[in-house]
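What follows is a pair of complexes built around chain A, which joins chain B in one and chain C in the other.
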Partner chain A sequence: MLVVMSAVAVLLALPVAALGIGARRVATVLVYGFGLAASLASLAAALGQLLSTAGTTPAITLPLGLPWIGAHMRLDALSAFFLTVVDLGGAAACLYGLGYGRHERAPRRVLPFFPLFLAGMQLVVLADDAFTFLFSWEFMSLASWALVVADHHKGDTVRAGYVYLIMASFGTAALLLAFGLLAGPEGGYGFAAIRAAAHSPAEASLVLALLLLGAGSKAGLVPLHVWLPLAHPAAPSHVSALMSGVMTKVAIYAFVRVVFDLLGQPQWWWSMAVLTLGGITAVLGVLYALMQHDLKRLLAYHTVENIGIIYIGLGLALAFRAEGLAPAAALALTAALFHVLNHMTFKSLLFFGAGAVLTATGERDMERLGGLIHRMPVTAFAFLIGCAAISALPPFNGFASEWLTFQAVLQGPKLALWGPKLLVPSVGALLALSAALAAGCFVKAFGVTFLSRPRSRPAATAGEVDRFSLAAMLLFAVLCLLAGILPGLVIDTLGPVVGGLVGQRMPVQSVEPWLTIIPIAASHSSYNGLLVFVFITWAALTAAQVIHRWASHALRRGPAWDCGYPDASPLTQYSASGFAQPIRRVFGTVVFRATEEVRMPPPGDTGPARLEVVVKDLVWAVFYAPVAKAVGILADRLNRMQYLTIRKYLSLVFLALVILLLALELWL
Partner chain B sequence: MDKLVFDIAHLLAGSVLLVSFMMLYQNRLSALLNLFALHAVILAFSVAWQAHLQDAPHLYVTAMIALFFKALFIPLALHRIVVRLNIHRQIENVVGVGPTMLLGMGLAALGMLLMVRITPDSDLLGREDLGFALSTVMLGLLLMVARRNAVSQVIGFMSVENGTILAATGAKGMPMVVEISVAFSILIAFIVIGVFLFRIRERFDTVDLQALDQFRGEQG
Partner chain C sequence: MIIDLLTQGVEMILVLAIAPLLTGFVRKVKARLLRRQGPSVWQPYRDLLRLARKEVVLAENASWLFRTAPYLIFAATWVAAALVPTFASGLMFSWAADLIAIIALLGSARFFLALAGMEVGTAFGGIGSSREAMIASVAEPAILMMVFTVALIAGSSQLSTVARFMATAEAGLRVSTGLALFALIIVALAENARIPVDNPATHLELTMVHEAMVLEYSGRHLAVIELAASLKLLLYLSLIGCIFIPWGMAASGGGITGYLIGSLLYLAKLGVLGLGLALFESAIAKMRVFRVPQFVGAALMLGLLGTLLLFF
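And then the complex of A and B:
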């Protein structure tokens, strides 16, 4: 605990040092170097706590915060797991930043806030009372906001920052109300007091709804996701990786901490709400992602999809727990938490890759990239592994956790109540749909960006990025593979976390031979990542061998049939929007209100024909635009209030006082 | 004995409220200033009586401050200002004395009822005192809202402050520091407002605040 707290203190002190040093190179190295060291120290402590069998939970009370409460910090199994996720992501981002930060145009807008953001996230998962939690939460939000608007010269960035600020404030307000309800009229703000108190069903349901709003808006649940695809890509790439890979996980932590730990026994219909939201989020997230051709925005929409998958796991766990099916609940919760870890690794990896592409070419638009596999082979390799992992291809980690989620879905028939029983298979279908669409989406992302011929001059002249960035990407690529081959190790590590939340853990996997994992019983299902890995490697090597032995000799290079157009423009290649067009046709009219218009020039006109596609965000049109309009109208009406006389202002104040007193009088 | 003690405290606090009502009614400026002085004198007596009851000598200091500053210094200074501004004979158009008085009675009733109901655990004396104090504060605010003349508004403001002092002394154990800082802030406010009155007068030839409205910029 002491190690973790000193790491946080170092991170909090870094901005001062960064601002004090004039030379930007030195400041960059200092901030990211010390950030890396602090994250690694904290990571070691968190892992030590997670793996220890002593069963102690270190806690510390600092004389900060509210005078009669103090700041309580505690490192139990759940906190330790999420601290591991935060620190792992943070350490890799620091490593990446050592190289990436050199290309920063205005490092002074990033350097002071980056360590603060890291410290804020660590404090959120450590907090053991509502005040500390909310304070750290808001601290994290504001620090990340400052990072989002670091490049404030672009209009888009400013708009993204504005939307993010509003959504973050809204989320914090919802959480504030939730914790107010949890603490009750006596004001027991410590988590221990909240855990011990009894909550009436109506109150607990209200808390759940507020948490879905508060934590959901930070995590990116549809329809609260609108800020995420705007804000995540706007930040510098290593910050995007942190926001997408780590901060959304901190939001998941808030949900798990309150719903599974503090609220007590769930009610039967909670799972239905969470499952429905999760399923919708997963499918809509990936559909929106398919429509994008901005690489970083595509990744941000995929975060929305993966949050949906995690919420499906959490919803399943709630459903099983409500009916007392502890083994199934443990399976579902393990799957969700495993996916938390996995999404952190591959999403950070992919954002690092997108950042590397951005550094090398200055482009985020896929329609202007292409052919980078020849120019940036290592980045392309790491990015490919990330794509395979996020598409849930074995033997990578994404497959392991999504497979576990499906195993939990298959436990659905054990549920007694018909509502969840009928809902679970349909959510399973949504999950399968989103997994398939995700694979298609990453074929597009990788294919258009790294394969084919370069579509623009910067893409044709790009070069490989620096060693620090490559090291960070390769580190996560290795982790993706390791977690995919050794899922049993992760499941066993998650044992105490899950055991503490649903009362039972999954069966111990390390006793199974050959790294097999068996979630329920061997007769049901089993998965062996090592076997799949060995098979894939063997098959690939054999195939390559056979091809080179038998086919390469017969290879003959000659001009391809070019339809009579020699040296076609690279722009005639298959494009990203062309790839997405079938999907847009299928879902477009309903989900996106997509309209396609072909404009042919009249005969005799030499102008080009144009195909215009308009894709609308339905969520924005339905939920947000009316609210924004109403606020605008109301603000116009209230504008008159600015020009009252002093007496009228006094009368208003007086009237407010009298009304409040009257309310008090009638209330009591 | 206990009954008598209570009755005297009650009488003094009630008198403060009564004078508040008189101020609400009074439409001549000089008379209003005299009433304000009376308000402060009664307040000083009330505070002194509380000091005697609670055996809290520092409250005597509070009473002295009330007596010297609010009952003597400020009314005298305001008198001088009024004379120098040449409005001491002016009769203010108080619109709707009847409705204002009715409103004041309603507010006083609200204050009393509320205080008696939300403080069932405190001693009777404190409850009554708080009720009177709240009513006085609200009547002061009403005075500020109902009048247009800047001097009357200043008096309304001061009587609000008197009400808070009444509330604070009724509650046992208010620290001296709070009392002194409140007194100082009132003094500063008085000086600032006094200066402003002259500035306003120089510029606009009146201290009727309605005349200022047409000079405000950027009206919507």
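And then the complex of A and C:
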């Protein structure tokens, strides 16, 4: 605990040092170097706590915050797991920043806030009372907001910052109300007091709704996701990685902490709400992602999908827990938490890769990229691993956690209540749909960016990025593979976390032969990532060997075949929007009201034909546009109040006083 | 232990060895149905050998991924095919992956095939990959819903357990089983690029999918991809055989006689299913490409319906 707190203190002190030093290079190295060291120290402490068998939970009370409470910090298994996620992502982002930060145009807009953002996220997962939690939460939000608007010269960034600020304030307000309800009229703000207190069903349900609004808006649940694809890509790439890979996980932490730990026994219909939201979020998120041709925005939208998958796992755990099916609940919760870790690794990796592409070419628009696998081989390799992992392909880690989620879905018939029982298979179908669409989405992302022919001069002349960035990407690529082929170790590490929340953990996996994972029983289902990996490697190598030994290994280079009509212009290739056209036609016409219009020039006109595609964001149109419009109209009306005479102002004040007094009289 | 390992090895070699024969058989039957003589059933082997001996002509801008993808596709498909019980259930490594993982392995193969289509940057490769992504986006959930139905009936997603359960009287005749069978057949047609979704016999047709993706491949690379395609067809027919007509499959440690009977029955099942495929393909016309999502979407709905019906 002392190590963790010192790490946080170092992070909090870094901005002062960064601002004090004039030289940009020194400040960059100092901030990211010390950030890396602090994250690693904190990571070691968190992992030590997670793996320790001592059963002690270190806690610390600081004389800060509200005078009669103080700031409580506690590192139990759940906090330790999420602290591991935060620190792992933070350490890699610092490593990446050591190289990437050199290209920053205005480092003073990034360097002071970056360690603060890291410290804020660590404090959120450590907090053990409502006040500290909310303070850290807001701290984290504001620090990340400052990072989002770092590149404030662009109009898009300013708009993103504005939307983010509104949504973050809204989310914090919802959480404030939720904790207010939890603390009760006596004001028991400590988590221990909240856990001990009894909450009436109506009150608990209200808290759940507020949490779905508060934590859900930070995580990116549909329809509260609108800020996310604006804000995440606007920040510098290592901050995007932190926001998408790590900060959304902190939001998941808030949800898990309150719903599974503080609220006590869930009600039966909670799972239905969470499952429905999760399923819709997963499918809509990936469909949105498929429609994008900005690489970073595609990744940000894809975060929405993964949040949906995590919420599906959490919803399943709630459903099983409500009916007392502890083993199934443990399976579902393990799957969700496993996916939390996995998404942090591959999404950070992919954002690092997008940042590397941005550094090398100055482009985020995939329609102007292509062929980078030749000029950035290491980045391309790491990005490919990330794409395979996020598309849930065996033997990588994304598949391991989705497989566990599917196993939890298969436990659905054990439920007694008809509502959740019928909902679970449908959500399973949505999950399968989103997994299949994700693979298409990343074929597009990798194929258009790294494969095919360059579509612009910067893409044709790009070079590989620096070693720090490559090291950060390769680190996560290795983790993606390791967690995929040794899922049993992760499941066992999650044991105490899950056990503390649902009262039972998944069976210990490390004793199984050949490191197989067996969630329920061997006759029911099993998966062995290690063997699958070994088999595939062996089969591929054998095939290559046999053919090269006994058949031909001659090779000749020539122009592309393309059925005899190769065209030198890179415009004849498939573009990002062209690739998504069939899917847009199949799904988009319903979901996005997508329309296509081809305008041919009249005969004799030599102008080009134009294809116009309109994709509407219905969520924005239905939920946000009316609110924005109402606020605008109201503001216009209230504007008149600025030009009243003093007499009118005085009478207004008097009127308000009378109304207030009347209300008070009626109320009491 | 050694015997178990040997049996597993025999199964891996068996699926690899008879996959081209199955493709040749289906082609031969189709040719006979059209009153053509057709090439011999051994023709696919000759094609593979010929391709393997030829030199590879590689596009100038093809990268290392283009050259490794065929082997990865082949490896993933072969491992998946070897994990489906053929003549015996409960072989040594049958627990390494359940049905969901087998489907996902095919997904891995498809992922790399689609990337290979995008690699050289030609219009044909792009069209193939893009359409493959569209078809897969419906076909994959459809087959997973089929898996759900079967897994809920048998109480397991482990194929060996499913095969053993489906052979008992307890499995019985259910509406859900029938729906699942229909769903699997539709998905098998779509995934193997058969008529009515795609035409395996054409090149240079604007509606093609699979052939468009592999257009730039030649020589040994093409041979490996063709072999993987044959393996995939074999896998789907074995899957139908293993889940819906599991009778006669030997149990693990069933002795040589059991294995022999199982193998003969397995070949017979493949023959019947191949015949059915050839008949169906000859009797139906190819669909417009944007009808395909509806056709495969029907499988998704059948699978979901099959699952939901189990609760009543």
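Structure notes:
Following the convention adopted for this analysis, the second predicted complex is superposed on the first by the 636 of 668 C-alpha atoms of A that agree within 3 Å, B and C clash if a C-alpha of one lies under 4 Å from a C-alpha of the other, contacts with A are read in each partner's own complex, and residues count from 1 in each chain.
Everything that follows uses one rule, which is that a contact is a pair of C-beta atoms (placed from the backbone, for glycine too) under 8 Å apart; a residue touches a chain by one contact, two chains touch by 3 or more.
On a predicted model such as this, the values are computed, not experimentally measured, just so you know.
In the superposed model, A:R556 makes contact with chain C only, not with chain B.
Once the two complexes are laid over each other on the shared chain, residue contacts for A:L650 go to chain B alone; chain C is not touched.
By the touch criterion stated above, A:A273 is placed in contact with neither chain B nor chain C. In the superposition on chain A, contact is made by A:H374 with chain C only, not with chain B.
Taking chain A as the reference chain, the count of touched residues is higher for C when chain B and chain C are set side by side. Of the two partner chains placed around the shared chain by superposition, neither chain B nor chain C is touched by A:A59. Of the two partner chains, chain B is the only one that A:L662 touches; chain C does not reach it. Of the two partner chains placed by the overlay, neither chain B nor chain C lies in contact with A:A44.
When the two structures are aligned on the shared chain, A:Q642 is found in touch with chain B, with no touch to chain C. Comparing the two complexes, no residue of chain A contacts chain B in one case and chain C in the other.
On the side of chain A, the complex with chain C involves touching residues 370-371, 373-374, 377, 384, 388, 391-394, 399, 403, 406-407, 409-410, 413, 418, 421-422, 425-426, 428-429, 432-433, 435-437, 439-440, 442-444, 446-448, 451-453, 514, 516, 522-528, 531-532, 535-541, 543-544, 547, 551-563, 566-567, 570, 572-574, 578-583, 585-587.
Chain B makes touch with chain A in their complex at residues 107, 110-111, 113-114, 117-118, 138, 141-142, 144-145, 148, 209-210, 213, 216, 218-220.
For chain C in complex with chain A, the touching residues are 49, 52-61, 63-65, 68, 71-72, 74-76, 78-79, 93, 95-98, 100-101, 104-105, 107-108, 110-111, 114-115, 117-127, 129-131, 133-134, 136-141, 144-145, 148, 151-152, 155-158, 161, 203-204, 215-216, 218-220, 223-224, 289-290, 293, 300, 303-304, 307-308, 310-311. By the touch criterion given at the top, residues 639-640, 642-643, 645-647, 650-651, 653-654, 657-658, 661-662, 664-665, 668 of chain A touch chain B in their complex.
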